[in-house]
Structure formats: structure tokens, C-alpha cells
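In the two complexes below, chain A is the common chain; its partner is chain B in one and chain C in the other.
So, the complex of A and B:
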């Protein structure tokens, strides 16, 4: 049962990542691209946390407490490394979002469009 | 049309391949009761009651600011660059700022209804309290400066949506003050990072040398201030009404 649930969640997350790549590649609206980038990023973060999880019961957060012995702590605490990776990734993702959204808004104010094909024409490249 | 079919089929094949690799071969190593060796090392060595220690019983914080301290420090700089990139695109000269102020005075006074405003006031107070507790307890409980800063940014966004930019500016949170506060947070981080070099003759970011938990506490509080006011700075510039910004931009084009 538990392995079925784990496989189900993991495959859903991988599906979300592929969906994100698909959305970024095929939609031409910049706002939709940013939204799909977020879907992808959140799925990847979730996957990281899932990798750090341990199938033991009860499972502890990686924090030392007085009433837990050291051996018990080592055998029960989840892996702290993926959590540390995700912790900063979330905020950097938010900052990246702000940067992208700002550029999209400013482009819309200047040229009245957020479509990537129009953008290519305006900037002098070759549109489709 | 034909290209769409090819794209869809190739994505399906990729998904099937990943599904096979994850479920049958278990390439990610999911669902085990064993720790990875690296995780075990961190759990075992992060906190000691005597001798070398990271001063943090919370292993995630120990990794973020001690074992991978440089990574976190430079992520702070990445955050700084992102905020400054957004800010420099939306920048206004001094004349443009005065035009904006003139036009904003003409804007009609609108407000949401009483229920929304009262609820928001309550919720914002709670979010601020929780974010402060996350930041100040960062070295003992899950979280830290980054998390607390993003929680605080949510509270400020709520204020933006329900009240307005002008309410915040009337309370003293204008652009000049938020940028100063942001610089203050970054200065606190830099001072803490450089303190071991000048006070104790150690290396950069060797915060174990500082007495007790001062190093971690300072870094958490500095990160909290930096993230909160960094976000607020961009929100304040993004909060200028669309028609006002367009008027200002048109003036720039005509010149």
C-alpha cells in the first residue's frame, strides 16, 4: 500500500515537471510561461522533500531534543540535506518570479503585448 | 499540427520511461528506512555540547549557515541582484517621482468594505507575530530568516491588496525607508560574516568563534530584515497605478 502511494505521488510530481516543461516550451504568452515555470519549480521542490523522507514510524524532524537519545535520533530523524536545499530555493524562486514578472509588466507597458512571437518581431528578430 | 503530435508522443514516452525507472528500478531510492551517508554525517556531527559545534540543535540551520554558509551567503547576493534588477527596470527619476506624486493625489479614494478590512487587520497582526517568532527562533526550530521574510512579505501583500500603497506610505514605509532597512539587513549579515576575521582572527564566516548563538541569531535577523524589505521595495514600485506609470513613460518617450 505504502509503496503504491509513494509511486503515485512521485509519478504525479514527475508528471507536473513534464507539464511545466511542455507549458514553457509551447505557450507563447509570457505570463503563462511564468506560471508553468512555477508549477515546475514547486514540483521539483516537493520531489526533493520526498527523497529526504524515511519510511519509519514515528519519524522525527531533524532537531535535537533532550528527551530523545542520540541513537534513537539517528534512526528516526529525516534527512536534513534536501530540506536545506529547498529552504533557500523557495526564496530564490520567489525573487526570480519578481524579476520575471517585472520584466513582463514593463514590456507590456512599453509595447502593449506579452506574446513571445510579437516580442521577437519588436526586438528585430525573426518571428514565427 | 503534426509537430504537436510529435511533442505529445515524446512527452508520453519520457513519462513512461521515468515511471519505469522510478517504480521498478527505484533510481531515487525512495521508501527506504536507511539514511544517506551524508545525511547521517550531518545528523551525527551538527551539534555537540562541548568542543566544535554549530551552536544549533536544528540540523537544517546548521547546514544552511555553517556547513554550506558560503552557498547561503551568495544566495543572499543572488536575491539582492534579482531585487535590484527589478528595481532598476522600474526606476523613476526625481522629476518623474514628483509627477507620480501629483497624479496620485488626483486618484479617487477607494476602500474595501469593513469585514475585509477588519479581518485583514487581525490576520496581518498574526502573520507578523508568527514570522517574528520564526526568525528569532531560527536556530532552534524549523525555519529561519528566509522563511520568516517570505511570511512577512505575504502580510505586506495582504495590506497592499486590501488597503493600498498609500496606507503603507502614510505609516512611514516609503521607498527611501524600505531601501535603507534593506541595506541595514545586508549590513548586519556582512558584519556578522566579517566579525570573526577582525575580532577573533578566524576566517570569513567562521561564526562558531562568536560567543554562543550570536552568529546564527544575527544572520537570521539580518536575513529576515533583508528579505522582508527587499520584497517590500519592489512591491512599492509595482504598486504605482498602471495609468500613472504609462503617463510617466509617455513623457519619457516624448522628450
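So, the complex of A and C:
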């Protein structure tokens, strides 16, 4: 049952990553693009945390105590490294969100639209 | 002084710059002086690092907080990294000096903050010995680059370019993060030396076991890393953001992005395929991908150069062309190819910075970016035009100038695969030469269009040549000639040892392993 749930969660997360890329590529609203970027980023973060998960019971926190043998500790403790990596990625993701949202707002201020098709039309005269 | 402190210098200066600016009343002079001191100190540190890397027989290792690999994050600098770091610190210094005159709008303190942040990220990416740290450095580069590309925030092309660059770059780096997940799950480590040791079956302290199928994990890792590099380094299907971003960015930023920031992705791939995982089981497939996409990129870049009406976009496509060459050469897989990549990165950085800066002087004078509006500007600034001609000749690959020698190395490397692939370099260079020639003729012989300035921000205060720009461009022009004339000596003295050391995975692993074993045996 547990392994079925784990497989289900993993597949869902992969689906979310693909959905995120699809959304960033196809949605024309800039805000929706940013939302889909977050869907993708969070799915990757969840997947990363799953890597550190141990499919055993009971699971120990990753703090070594004297009354547990070292081998038992290794097989039962949650791996803390992916959590540290995800923490870094979340902070970076926040900074990216702020930057992208700033640009979306700035484009709205300049042209009164957050639509990528309008953006292409406005830029069309100057580019190429 | 530790090796790892080099990228910390610009980062530290960048952090305090806004505070210093606010406390001193945001005076231009103070902001510029502070930033130039920071850039000069970093350049001196770059020279120091270069000397240390070339006087040592093995890569330099620096463990942050004395946490050695694979527990902590290490910086590992070999000769390949050192050449790139020295070039980057020099390029950023010149860009900083150039910006002091070029950037006329308010918010100069933030401009220099982002520039220093960009330098910290670039140097960090060139020096890092940890795959996850490379991700962090890519994001440091990313955050600074997206911000500085949109520096002219009231111009729609800057905002559009920055948004495109930002959203593509964020997706790309997320994919690289996912790639790290796969490799961590299989190898149980993210330290580069440790990864290489595991791949070659060498024992390494602390982490021991492999999980699952390492070949499959590596295949997924390379697929996702390639996806990242394709977007970040503007290789064919992922190049779409680059012309918009470059036409929005200020000229010195364009020079920096083109010379160093795009190259980071190529450098990481070279590090992974040539040093860490040399002799991959699926190398043939990977090599084919490099060659095909690189060829497509080179053709796309050179052909699109012919039809550009905006001079900034023309240079942007020239950057795409050169990234295509580098990407193609990655697919060869020999020591000659690595040497060609390293030498071409350095030469391209010098020549492309010169091209950007000379064109920047024209734009500064006329306040326009369309080729037709710049017509005839060359006659008003003959020295600048001469240097512009020098840069274009060099980038096309005319013999006594520097890029000729790196293109020749690339050509020789590609000949090891097939003469057909090598001919791509000649054909695309010829197409690019035609595009440059057209631009040069318009700038020199074209009739000026009357009454077409005023909507840009630069007032026509200077007459004819602008002394600061000429001085910087002369330095770069002399380097272009010197690197060309002394190319055989320079290759022999610096780039050949760099390529030998970078191909030696055992030396790369041993440098970290020795330090780790010494530390762990001291702990007991």
C-alpha cells in the first residue's frame, strides 16, 4: 500500500513538472506563466524531498544518538541533505518570483496589458 | 588568503553598495569610485589566482568553513578555470569603467550592484567544485542578469527582454535542479570530485555506495543539463530570448552577457563531459547531439545576422553563432577540442567586448540603434570605426588577429570528426563576414538621416570621438592584435597545460581526496 502511494505521488509529481513546462510555454497571460513556473518548481522540490525519504517504520530524525547502532541509524534516518538543498531552492525561487512579477507589473504600467500576444504585437514594430 | 575568496570580493562589495550610496546621498562620483575599487580588487585577485593555479601542479582546493568534500562545499580551481576567471575579471573591470560614462540614468548604484553580483556568480560558476553550488551560482547569475537586463525599466523592449530571459532562465535552472535530484539519488553525493571518483570506481571517504542504475541516472542528468545549457547558452531551440534580451540591455551588459555569462553553460558541460565523466557509455549519442545542435545554431546565427536592421540584434545573433561553434566543438571529445574551446572563449570575449564597446560609442553618439539611423556615423569617429573594423575582422577570423587562431583550433578539432562538420565553421564565417561588411559600409559610407534623434535618453553633448571609450577600445584592440601575433606562444604556455590538466580526472579527484583523507584521519 505504502509503495503504491509512493509510486502514485512520484508519477503525479512528474505529471506536474510536465504540466508546468507546458503551461509556461502555452499560456499567454504573464501572471499565469509565473504561476505555472511555480507549479513546476514546487513539484521538483517535492520530488527532491521524496529522495531523502526512507520507506521504513519507525523513521528516525537525522540526529545520531548513542543508543541506536550506526547501521540502524543509516537505514532508518531521513536523509537531511535534500531538505537543505530544497530550502536553498525555495529561497531562490522566491527571488525569481519577485523579479518576474516586477517585470509583469512594469509591462502593465507601460502598456496596460499582461498578455504575451499583445507584448509580441507591441514589440513587433521595433524588433526583427 | 584562500582561493575561494575571489568571488566573495565582488559579492561583499555588491552587498554594501546600496547602503553606501544611500548614506552618501547617492552621488554619482562616490558610487563609481566604490564600484571601480571593487572591480579593480577583483581583477588583482584574478591575477593572483591565475599565478597560483599556474605555479601549482595540481588543482587548488578551497573548503568553505573548513568543511571538506563530500560533506561541505569546495571550490576547485584548475588552470582551465583560472584562464576563464582572469578573463572574466578583466572584462568586468573594463565594462565597469565603460558604464561610468555610458549609463546616464538614475539608479547607478543598483546598476553596479547587479554588475558586481553578476561578476560574483560568473566567477563562482567557473571556480566551483560542487554540482549543487553550480546551480546556486547559476541562480546568482540569473537574478543579477534578469535585473540588469531590465535596467531601463521604462523602455518596453528592456522589460520584454528581461521577462523573456527571466522566465526561460528560471525554467532552465529548475530543470538543472531536477537533474541534480537524479544524480544525488544514484551517486549519493553532489561533489564533483566525488562524482568522478564514483563514476571511475575510485574509493572516496564518507560516501560509499551507488544506488540503482548509475548509467540511467547519468543519462537523465545529461539530458536535463543539456536542456538547461540550451536555454542558458542560447543554443538553437532555446535561443529565442537572446535577441530580445540584448536589444533591451545596456551595451556594457550585453558585452558581459555575451562574453562570460553565456559561456558558463558551455563551461559546465565541458567540465562534466571532459573532466568528470570522461568515457561515458552513451558518449556517441551525446556527441551527435552536440554536433547537430551546434551546426544548426551556427547556421541560424549567421543567416539571421544578414537580415537584422537593429545593430544590437545583429551582435546578438553573432553571439549565437559563436555559442554554436563552442557547442559543436564540445562534441569532439579530445584534448585538442577542449583547448580550442578554452582559447576560443577567451578570444571571443576580447573581440566581442571590443565589438560591443565600439558599437556602443556609435549608439552613444547618435542615440539610436537602427542601422539606418547610424548611417554615416563612422566618418565622425574614424578611430572608433577603425577599432570596430578590427573587431569584426577578428570575429570573422582574418589571420593575424586573435579569433583566427582559435577558429583554426576549432577547425582542426572538428576535422577529427569529419571534414563536412569542419566546413561549417568556414561557411558560417563567410556569411557572418558578409553581414559585418554590410554594417561597416553603412556606418562608413551611408548618408546620415536628418532629424531622427531626441526620443532616446542621450543628449548630443560630445563631438566626435569620446576619449574614455577610445581609451578602453584601444586597450582591447591592442589585446586583439597581441593575442593574434603571439597566439602560438600563448597556446603553448597557457592553454595547452590547461587542457592537459582539465582532461586529467585522476588529478582532479586526488586533489580533493587528499584533503578529505587528511581531515578525516586527523578527526580519528
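FYI, the second predicted complex is superposed on the first by the 114 of 128 C-alpha atoms of A that agree within 3 Å, B and C clash if a C-alpha of one lies under 4 Å from a C-alpha of the other, contacts with A are read in each partner's own complex, and residues count from 1 in each chain.
In this section, a contact is a pair of C-beta atoms (placed from the backbone, for glycine too) under 8 Å apart; a residue touches a chain by one contact, two chains touch by 3 or more.
Everything numeric in this text was worked out from a predicted model, so none of it was measured.
Using the contact criterion defined above for the overlaid structures, shared-chain residue A:51 touches chain B and also reaches chain C.
In the superposed model, A:6 makes contact with chain B only, not with chain C. Once the two complexes are overlaid on the shared chain, A:30 sits against chain C while remaining clear of chain B. In the superposed model, A:122 makes contact with chain C only, not with chain B. By the touch criterion defined above, A:92 reaches both chain B and chain C. In the superposed pair of complexes, A:18 makes contact with chain B only, with no contact to chain C.
When both complexes are overlaid on chain A, the residue A:61 reaches chain B alone and has no touch with chain C. Residue contacts after overlaying the shared chain place A:77 against chain B, while chain C stays out of touching range. Once chain A of one complex is fitted onto chain A of the other, the partner contacts of A:40 are limited to chain C, with no touch recorded for chain B. More chain A residues lie in contact with B than with the other chain of the pair chain B and chain C. Of the residues of chain A, those at positions 21, 51, 81, 88, 92, 95-96, 99, 103, 106, 110 touch chain B in one of the two structures and chain C in the other.
Residues 132, 135-136, 139, 142-143, 146-147, 150, 153-154, 156-157, 159-160, 162-163, 166-167, 170-171, 174, 177-178, 180-181, 184-185, 190, 243-244, 247, 307-310, 313 of chain C are the ones that touch chain A when the two sit in their complex.
Chain A makes touch with chain C in their complex at residues 17, 21, 24, 30, 33-34, 37, 40-41, 44, 47-48, 51, 81-82, 85, 88-89, 92, 95-96, 99-100, 103-104, 106-107, 110-111, 119, 122-123, 126-128. Residues 7, 11, 14-15, 18-19, 22-23, 28-36, 38-40, 42-44, 46-47, 57-60, 63-64, 68, 71-72, 75, 78-79, 82-83, 85-86, 89-90, 140-142, 144, 146-147, 149-150, 153, 227, 230-231, 234, 238, 242, 245-246, 249 of chain B are the ones that touch chain A when the two sit in their complex. Within the complex formed with chain B, the chain A residues making contact are 2-3, 6-7, 10-11, 14-15, 18, 21-22, 25-26, 50-56, 61-65, 73-74, 77, 79-81, 83-84, 87-88, 90-92, 94-96, 98-99, 102-103, 105-106, 109-110.
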